[in-house]
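Once you scroll down, you'll see the structures, which are given as C-alpha cells.
You will see two complexes here that share chain A, one where it goes with chain B and one where it goes with chain C.
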Partner chain A sequence: MAQSSPRRASALAWFGPVIALLVIVMIYPTIQLFRVSLSQTEFFDPVAFVGLENFRYVLSDPDFWAEARITAEFVAGSLSLALVFGVLTAVILQSLGGKAAAIFRTILLLPWTLSMTVVGCLWLWLLNPSYGPVRYLLSLAGYDTGLLLGDPDLAIWLIVGASAWWSFPYAMVLVTAALQSIPKELYEAVEIDGGSALAKFRFVTWPHIIPTLGSTALVLCIMYVTLVSLIVVMTGGGPLGETTTFSLAIYKETLNSIDIAPAAVISIIVLIANLVLGIGYSVLSARIKRSK
Partner chain B sequence: MSAASQATAGLTRSNKGLRRWLSARVPMTVSIVITLLVLAPLIWAISTALKSEVEAVAYPPAFWPSQITFENFARVLNGQNFLTELWNSVCYSFGGVFLSILVSAPAAYAAARFDIRGKTALLLLILGSSMIPTVALLVPIFGILEKFGMVNSALAIIVIEAARTAPQNIWFIRSFIEAVPKEIEEAAFIDGATRRQTFFTVVLPLIKPGLAATSILSLITVWNDYLTVAVFAPESSSRTLQVAIVNQVLDSNGISWSYMMAFVLVASAPVVTIFLASQRWFVSGLMAGGVKG
Partner chain C sequence: MLTRRRIGASAVLSMALLAMTGAVQAQDIELTYSTFLDPANDTDPRVAAQAEMLAKFEELHPGVKVKILVDPTAANLARGLKSGSGEPDIGRVTSYSLPELVLTGNVAELDGRIAADGIENDDWLLPLETAKFNGHFYGMPQDFRIPLLMYRAGLLEKAGVAAPTTWDEVCATGSKLTGDNLIGYAVPLGNSGGLGGAQALGEYVLSTMLAPDGKYFAEDGREIAFSRETFVRAAQTIKELYKTCGTTPETSLQFGYSEVHDGLRAGTVAMATFGLARFRALVAQGAGDDLHWAPAPSYSADDKQTVFGFRVVLNANSAHPDEAWELIKFATGPEGQAILAKGGEVVARKSAYDAPYFKDPAAQRQKDWAKLVVERGQVVSYSVILTKFHEIVGEALQRMVLRDGSPEDAYDEVISSYERELARVK
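The block that comes next holds the complex of A and B.
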C-alpha cells in the first residue's frame, strides 16, 4: 500500500528548517530594509518615520544619476561582450567538434571558476600603468596607454573587459547546449537549397539559440547589477567616482555607516531590478522548457 | 569538352579541396588562438609568481622568469595570517554548505513528493528569496547583527551562506529526488518504514551523487564569496583568503606583485582542482540555472 501524502501540518514540517533560515536571513532583513528606507536613521537604527523623504533626497542627488549611468554602462558593456564572445566560442568549438572541443571548453571555463577578487587582481596587474604587459604591448604598437584604470573616461570599460573575461564562459556553456539540441537535418536542408554557412547561421542556428540567449542575458544582468568585489579590487569606485555602480555605492556606504538611509534606498532599487530580472528569467526558462 | 570548361571544372575541384582543407584546419587554429588569449591573464599570473620580486616589476617585462623561484609561494604559505585565513575559508565553506544541505534536503523531498495545499506558495517564497541579492541586504543585516553583537561571528557567516545557497540546493535536490522511482519508496512503506526512515535510509543514499554535485557548486560559491565576510566579519581573525586578497591590494604600503600573484594562485587552487575533478557536474549545474552572487 502506497503511503499517501501526510497531513498538511506534518508535511509543512519538512519545510520548517529552511523557511526559518530564509525568514531570518532574507525575509526579515528585507522588511527591515523597507523600514530603514522610510525612516530617519542614526547609524543603523531607524529613529523617526519620514515617509518618502529619503527617496526624494536620493533621487535629487546628482551622484545617484551618475551611479545609474555607470551601472547601465557596466551592465550593457559586460553583457554585449560576454554574449558576443560566448556565442563566438560556442559556434567555433561546435564546428570543431569531438574530443578536442570538449578539452577546449573545459579550459575556457576556467575564468568562470575564479572568484571576482582573484579576477580583479589578475587584471589589476595586467593593466598596471607602469610595469604591466598591456602597457608594454600597446607601446610596441605605438600607443601611449596613460593611466589605464586611473583614467576616469577609460576605467569602467576596462572593468567591463575583466567582467566579460570572467563571465563569457557561462554564455558559452549555455549556447553550446542549445547548439547541440539543433537537429542536423535542418542544416542539411539549407545545404540542399545551396545555402552558405552564413545562411545556416541566420536561418537555423540563430532562431534556435535566441531563447537561450535571452535567459542567459537575464542571469548575467543579475550578476553584473550586483557585482561588487571586482570593482573594489580594480578601482574601489574611482577615479573621481567614475566606476561607482549602485552596488558599489551600497557596499561603501554600509562600511562607512554614518547615515544609512540613502544606501537603503539604493538597495531597494537594486532589489527591485533583481526581482524583475529574476521573474523574467523564470518565465522565459519555463517557456523554453515547455517548447522542448 | 572545351579547354575553358575543363579549366573551370578543375578550378572548382581545387576550390572544393581548398575548402575542405580550410574547414578541417581553421576551427582548430582559431580555437587554439582563442584559448591562449583567454588563458593569457592566468599564464601571466603564473609567470609573475615564479619571478623574483625585482624581476616582476622590470620594464619592459619579461614573458618568462629568467630564473624560476618558488620563494613567493613559500612566503604565502608561511605568511603570518595564512593558516587563519585558510581555516576560515574552509570553515565557512564546509559549515555553510553542510547546514544548507541539512535544511534543503527535507524541503526538496517534500517539494518532490508531497501534494499539499500551500506547497506552491512556499516554493514561490523560496524562489523569490533566491532573487534577493546579498548586496541589497548589507544594510539591514549589518544592523541586525550589530544589535545582537554578532558582527565577526563565524556562526552568523555560516547561517548567511547556508541561506544564500539553500534555494539553489532545494531546486537541484528536488530534481534528483524526482528521478528516483516511487516504487522503491513504496516497497519500504510496505515493510513498515515511516516517511522519515524511508527518506534517510532509501532516498538519500540513492541521490548521493546528486548531493555531491550540488554541494560542490555551493562550496565554490561560498569559497569565492567576498562580500558577506568582508562586511559582516571584518576583524582580521575572521578573514578568509578572498578578503585577505582585497586587503593586500588596498594596503597602503604598496603591493609586491610576485607575492600577490602567488597568493591569488594559492587561493584559487582548491576551486580549480575541484572544478577539474568534477567539471561534468559543474557544467550540468550551470545549465540547470545555477546563479551565483
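The block that comes next holds the complex of A and C.
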C-alpha cells in the first residue's frame, strides 16, 4: 500500500540528512574518483577526457604488478601472523584464567592502542642496522643482520612483522569473546569421551571461533589494504620500491604527481577489493547472527 | 531637546564610532603566511626573529595583520595552490620546489611588481636575476643555503686525518674513519621517514655533482640538462664510496635527512654533506663544539656549489595581493632581512649584512657562510617534477649499489623513467 504523504514527509525529514551526508561524503567523491580516472588531470583538476587510457597505462605498468604482489604479500603475511598469534594468545590466556589472564590480556592489548606512526618509529629504532637492539642482540649470537629494512628482499617481511605485532591484539580480543561464549559442557563432553586437549580444540573451540575469525580476518584485510602511515615511517616505500603497496602508491602519486589520474585508477581497484571484502564481511556477519 | 552640548557630544561620539569602524575595517585585512617556523617553538631563534619581523611589519602597516599557518613541509601551501584557493596569501618555499608549484598556475608572477618598485638586482648575495624560473620571477629570495661538509672533529683527529676537500680525499679519509657502528661519510640514498626518495642526496650532493657547469635542468624545468658523462661520473663516485673506498657502509642506503642528522648528532656519522640550516640545531642537540664545518667536497677543491634557499611567493588568488606584496617586500628587504638574520639564517639581501647584528662575533659563522655563497655559489634550474626525479634517481642508485649495477645502467634507468613521468605532464 502506498504511504500517505505525511508519513512520506516524515520519513524524508528523518532520513534526508543522512542521505545528504552520504551523497556529500561518499557518493560525490566516488563519482569524482571515476571522473578523474577517465581524465588527464592537472593536479586535482581534470583537463581532458581520455577514456580508458589511464587504465591501460596503469595495467601495462610493471610497477603496478609489483605493487600488487607486494600488497598481496603484505596483507597475507600480516593477516596470517595476526590471526595465529591472536588465536594462540586468546586460547592460552583463556586456559590460564583468573587475574593473571586479565593482566596479561591488558598488557598484550597495548600495541593496538598505539598510533601507527608511533609503532613505525618504534620498529624503525628496533630495526636500525647500526644501533638498533635487534641488530645488537643478534650480533651477540654471532648473526649478521645485514641491512634489515634496507634489504629489498627482507624489508616487506619486517613491516609484516610490525603490522602483525600492532594488530594481533584485535584478533585476540575478538577470539577471546568467542571463546567465552562456548558452553563448558561441550568441553566436559569431550573429556568424558576421553578426548585430548587437541581434540577439544579441534571439535569444540575451532568450530566456535571460526565465524569470528572470518569476520576478524575481513576487517583486518581492509585495514591492511588501506594502511599507509606505518610504511611511510618505516621505509617510505623503499628500498627499490619493494615495500610500496597499492595504498602507499596512491598516497605518493596523489602528493607528488601532476597527473593524479593513475592514482585514481589504483584507488578504484582498491575500492573494488574493499567492496568485495566488505560484502564478504556483511554476509559472514549475517550468517553468524543467524547461527546464534 | 537638542542643546549645543548634546549636538557636540553626538558629533564627537559619531566621529569616534566612525574612527573605530574605520580601524576595524582596516584591521579586517588579514594575511595568511605559510611558514615552517612554528611560533609555539620557543627554542628556535628563527621563530623569535620571524615574530619580530612580522611585528615590525604590522607596526609599519597598521591596517594589516599577519596570521601564521604552520606548514612544516609546505604541504598546505601546495594544496592551496593546487586547488586554486586564495589561502595562504604568501608562503615560504624552497627554490627547488618552486617550479613544481609554478606549474599549478597559481603562483603570482612578480616581474611587474619588482620593476614598478625598482628593486635592485645587485643588492643580493647572488644577483636577483638568478631567482628567475623560465624567465620570470615567481618568488623573492629570503635566504641562501649552500651545502657544507659537516664533521665530528674529534673522530677525524683520532684517525689523524683532515677534512677532505675533494671526492678523492673523501674516499681516502672516510675509509680511515669507518668502523663498527661508525660511518665515515654518509651518502643518503634512502627515502625512509618521508616521501620523495633521495631528497637529501638531491638537495645537498647531486645538484652540485650533476651540474658542475650549472646545467641541471632546462630553464623551463622539463628536459634534463646534465650530460651522460656527468651523471656516470657522479654515479661512479657514489658507487666507489659504497663499494671500494670503504667509506660508506650499505647501512647508509636507507638514510634520509633524519638519519644523517641523528648520526652527526650522536657521532655515529663522522662526515656528511649537509644543509647549513641544520648546523646550529646539531650543535645544540649534542654535537656541541665537536661539530665543525668546511666547504662541501667536490671534484676540484674550488668547484662551484649549487646553492638553494627559501623564496617567498605570492598566491595568485590572494584576496589582498597588494598587502601581501608589501609583506614580501618587507621580509626580503634590507630592514626585514636584518631582523631575520638574528635567527641565524644566511639572509639573501647583501645590505642586511651592514646591520649592527653582524658586528657581533656570534654572527661570524653566518658571515663566513654568506661569503661562501658569494664566492662558490651557483644557482641551477630545477625540474617541475623534482620530487619524482629524486625518487627515480634514488632508486636507480640504490639498485646500482645493491645489485652491483653499472653507472651507465643507472643513467639509462633515470632517463627512461624521467621521460616517462615527464610525458604525463601536459
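By our rule, the second predicted complex is superposed on the first by the 285 of 292 C-alpha atoms of A that agree within 3 Å, B and C clash if a C-alpha of one lies under 4 Å from a C-alpha of the other, contacts with A are read in each partner's own complex, and residues count from 1 in each chain.
Everything that follows uses one rule, which is that contacts are C-beta pairs under 8 Å (C-beta built on N, C-alpha and C of every residue); 3 or more make two chains touch, one makes a residue touch a chain.
A quick note: this is a predicted structure, and the numbers were derived from the prediction, not measured.
Visitor: Both complexes share chain A, so when I overlay them there, do chain B and chain C fit or clash?
Guide: In the arrangement built by aligning on chain A, the partners chain C and chain B clash.
Visitor: For A:24, using the defined touch cut-off, is the partner it touches chain B, chain C, both, or neither? Pick first, second, both or neither.
Guide: first
Visitor: Between chain B (first) and chain C (second), which does A:58 come into contact with in this model arrangement: first, second, both, or neither?
Guide: A:58: touches no partner chain.
Visitor: Touch check for A:124: first (chain B), second (chain C), both, or neither?
Guide: A:124 sits against chain B and chain C alike.
Visitor: Touch check for A:171: first (chain B), second (chain C), both, or neither?
Guide: Neither partner.
Visitor: A:257 contacts which: chain B (first), chain C (second), both, neither?
Guide: It touches chain B and chain C both.
Visitor: Touch check for A:156: first (chain B), second (chain C), both, or neither?
Guide: neither
Visitor: Is A:40 in contact with chain B, with chain C, with both, or with neither (first, second, both, neither)?
Guide: After superposition on chain A, A:40 lies in contact with chain C alone.
Visitor: Looking only at chain A, is it chain B or chain C that touches more of its residues?
Guide: On the superposition, B touches more of the residues of chain A.
Visitor: So, A:217: does it touch chain B (first), chain C (second), both, or neither?
Guide: Neither partner.
Visitor: Which partner chains sit in contact with A:267 here, chain B, chain C, both or neither? Use first/second/both/neither.
Guide: first
Visitor: Going by the clash criterion at the top, which of the stretches 57-65, 129-137, 255-263 or 309-317 from chain C hits chain B after superposition?
Guide: After superposing on chain A, the stretch of chain C hitting chain B is 255-263.
Visitor: Between chain B and chain C, which residues of chain A are contacted by each of them?
Guide: 44-45, 124, 130-131, 232-233, 236, 255, 257
Visitor: Spell out the part of chain A that touches chain B in their complex, as residue ranges.
Guide: Where chain A meets chain B, its residues are 1-3, 5-6, 8, 11-12, 14-15, 17-19, 21-22, 24-30, 32-33, 36, 44-45, 89, 92-93, 95-96, 100-101, 104, 106-111, 113-118, 120-126, 128, 130-133, 136, 165, 170, 173-174, 177, 215, 219, 222-223, 225-229, 232-233, 236, 247, 250-251, 253-255, 257, 260, 263-264, 267-268, 270-271, 274-275, 277-279, 281-282, 285.
Visitor: Under the touch definition given earlier, write down the residues of chain A that touch chain C in their complex.
Guide: 40, 42-45, 47, 124, 129-131, 147, 149-150, 152, 232-241, 252, 255-259, 262
Visitor: Sort out for me which residues of chain B touch chain A in the complex.
Guide: Interface residues on chain B, with respect to chain A: 23, 27-28, 30-31, 34-35, 38-39, 41-42, 44-45, 48, 56-61, 99, 102-104, 106-107, 109-110, 113-119, 122, 125-144, 146-147, 159-160, 162-164, 166-167, 170, 182, 186, 189-190, 195, 220, 223-227, 230-231, 242, 245-246, 249-250, 257, 260-261, 264, 267-268, 271-272, 275-276, 279, 282-283, 286-287, 289, 291-293.
Visitor: Which positions of chain C touch chain A when the two form their complex?
Guide: Residues 75, 82-84, 100, 103-105, 181, 183, 190-197, 250-251, 253-254, 256, 263, 266, 268, 384-385, 387-388, 391, 394-395, 398-399, 402, 421, 424-426 of chain C touch chain A in their complex.
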